[in-house]
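Here come two complexes built around subunit A, the first alongside subunit B, the second alongside subunit C.
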Partner chain A sequence: MSNFSFLFQKEWRENVRNFKILWIPLVFLLFGISEPLTNYYLPQILASVGNMPEGTVFQFPELSPEQILMSTISQYQLIGMLVVTLGFAGIIARERKSGTATLLYVRPISYFSYVNSKLLVMITIVIGGVIVGILASLYYTNILFGAVDIGAFFGFLGTYIAWLLFVISIVLFSSAAFTTGIASTVSVVFVLFAQIIDALLGTYWTISPWKLPMYAGQILNGNFDMTPFVWSIMITLIASIVLIAGAGYFAKRNVSKAKI
Partner chain B sequence: MDFESIPWLLILPIIIIQLILIVVAIIDLIRVRSTNGPKWLWAVIIILGNMIGPIIYFIVGRRNE
Partner chain C sequence: MKTLLYMQGLTKEYGKEKAVDNITFSLNKNTSTALIGPNGAGKTTTLSMLAGLLKQTTGSIVMDGEDTKDIRKMIGFLPQYPQFYTWLTALEFTEMVAKLSGVEPKMAKLEAEKTLEFVGLGSAKNKKTGTFSGGMKQRLGLAQAIVHKPALLLLDEPVSALDPIGRREIMNLLKELQANTTILYSTHILNDAEEMTDQLLFLRKGKLVEQGSMREVREKYANPLYKMYFSSSEEAALFVEMSPWPTRQEGPVAFISIEDGKPKMQEVLLKLANSNLSLSKVERATASLEEIFLQVVNKG
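Coming up: the complex of A and B.
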């Protein structure tokens, strides 16, 4: 256990020094605030900068608070996930390349606590950042659009956190198994492209980790099927645990590839 | 839209966060030894690319070694 806390402190210090601890939560916060604001002031923004001919009338649909929170999530699904996958793709692979790994690997560390220290730092930064961002978004939505059912909101947040855990374990696994460049490609494919494929072909099945953000939205709206949702959550959690265990295995196997 | 009718209290947090991001990115740019591509170009991107500029710098510009 002392092993783990030592590795965690090292990891924490590194992420403080490269400012990840600061800028990743700030990005989520920025999108969380700007999404309700731009949606609310869209008519005025268009009127002042849109260069519309005189007398143009737009019919803007009435947006519900739930829809605003969902559009925040869809921002996170694109830009946020890009930040997470590309920002953390090197978390293990980089150490092998730069030689930090040799300093670590000569010590009798357990690879399990090595991977777990990285996992805990990623969870703190990414999930902490998203929670802060969504709460800010909820606050602004509350002011501008109206209240959201608080029970449904927590269900929505919990589901989205399960999805984030899955994303984090994909990134961790690919970083342990491949070099930084390949790891970023693999995690972008499995996080961003897999979602598009799941959205295109996914009408044929209902149980998949990539459907969790969609289920989160359904929970928020209050109409969702219990069975496929529970199965998706279960499969996502199992897949995350398997991927994290796999990351430990590959971190150990790739020791020989470390640059000395 | 005239100046007074802009809801500054609501927009202020966005402006502050953007400023923090720009300042942090610039501090980081000064501290790191080398970036992918010339440093002055990244300074221009960070300052002029308002929302996206610092994010692009942190993801692409920083050489993580």
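Coming up: the complex of A and C.
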């Protein structure tokens, strides 16, 4: 892991100075807070700003705390994942294109340290941000809708973190292998579109990394099938390791594409 | 003199195109070598292979007697247009690259400060690199290349983007470095090469077409002209008039071509002795590097 700590220091400083360390967790925090609050106060919100005819009556379903947490996750799955894919698609590719990477590549650095320093900063920002957001959501859900089984919650959180690691690996791999534009497209396709395809056609299979957010919800509700879940987790972790190793390989292979 | 680097048969192919074609040369320790050639000659490709940014298709690079796989520890590289992280200050950047190059972490800041002082950026060390002018960037580029005291300094057109004052300042810094560092630099500014070069390497279409010390190259491409200095332009004109040999005049100087000993210098001097012309000096006209460059790149 030669030079890893210096490279991580550089990544950290970059993300502090471009405020990613702040705004990405803030996005997750806002969604985390807004979901239970909006659901709880929706009748009052509609009554005050909805401009409804007098006497209109809405029947709102009773939502369980688990459903509120799942609703938070579904926000993360669209907007949150879009923020992650587009926010980090250039993490390697942009450095290469601008030429700033050239002065790193001529040092005796290990490309795996280089990629891992970026991986660690992405994990810290994205997974850290999501944990903060989900904890905020849990807090308000607990106050407004009731308690969630803590064991189930940690199972749910752990499963969702495995999914996030997979997403981060896809983005990192794409950025190492392609240009920023292509990396963004590939990441969006493999994170967002693949989820839709898995949701549409996924009844034919039960083992898939893209099913992890669904399994996370099932764990929270306490009704899930252990075998496909364990297989999905294993495949996700293996795929993430392969993607991270691939990112190291392509980072080294594409050194010649750095602007000189 | 001890050899620092030896390249043998270095070739870089892009499909069927050969950007660098079977180049062999060596660099002696603490010498300065200029890679000269027109655009597209393969100068940057050669430097990039040495810097570890490109992998050669064939050939070997032996550094300091060892065929090491990673010679990046021993080199400092300055690209033609160095790009920096705009959100870092000059000191933060130089300290970071010092650490990445193997400088003891505790010493990295001190070394970075000393190096920035050396390149004249001492007062701007805490400014973000995004605010730097072209000249300052070039100085910072030099600082990052030398902060770890590399054995070999590779510079790609180090002064081509600078104004004459900036160029002079960077050249002076390089001359100072020359005492303890081996320098290989590409240039098309031939005055610079003339000023600071122990060895010249001429590249054309990826091939090494000429190499040698400044003296060797000058001798090889020596002009068969002799310059004869007279006391006035009129006298030089009279000599050209009376000369039976190919002769031309520029002010008080007459140029006479003596090739393969014809005419003999004695004959010329005898002719002069029989005239009333007063000759003050005779010297061989040396070819300028520009003339040599044109001859080398146009031959073949």
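Here is the rule we use: the second predicted complex is superposed on the first by the 258 of 260 C-alpha atoms of A that agree within 3 Å, B and C clash if a C-alpha of one lies under 4 Å from a C-alpha of the other, contacts with A are read in each partner's own complex, and residues count from 1 in each chain.
Rule of thumb we're sticking to: a residue touches a chain if its C-beta (ideal position, glycine included) is under 8 Å from a C-beta of that chain, and two chains touch if they have at least 3 such contacts.
No experiment lies behind these values; they were computed from the predicted model shown.
Once the complexes are laid over each other on subunit A, subunit B and subunit C both fit without any clash.
Of the two partner chains, subunit C is the only one that A:6 touches; subunit B does not reach it.
By the document's definition of touching, of the two partners only subunit B reaches A:83; subunit C does not. Shared-chain residue A:18: touches subunit B and subunit C both.
Vectors from the Cα centre of subunit A to those of subunit B and subunit C enclose 80° in the overlay, to the nearest 10.
Of the two partner chains placed around the shared chain by superposition, subunit C is the only one that A:104 touches, whereas subunit B remains out of contact. When the shared chain is aligned, subunit C comes close enough to touch A:255, but subunit B does not.
For the overlaid pair of complexes, the smallest distance between C-alpha atoms of subunit B and those of subunit C rounds to 8 Å. When the two complexes are laid over each other on chain A, subunit A has residues 18, 98 in contact with both subunit B and subunit C. Of all residues in subunit C, only 44, 48, 51-55, 70, 72-73, 75, 77, 79-85, 87-88, 92, 96-97, 99-102, 105, 144, 156 touch subunit A in the complex they form. Subunit B makes touch with subunit A in their complex at residues 1, 10-11, 13-14, 17-18, 20-21, 24-25, 27-28, 51, 54-55, 58-59, 62, 64-65.
Those residues of subunit A whose C-beta lies close enough to touch subunit B in the complex are 18-20, 22-23, 26-27, 29-30, 33-34, 37, 44, 47-48, 79, 82-83, 86-87, 90, 94, 97-98, 136, 140, 143-144, 180. Residue ranges on subunit A touching subunit C, taken from their complex, read 3, 6-7, 9-10, 13-14, 17-18, 98-100, 102-109, 255-256, 258-260.
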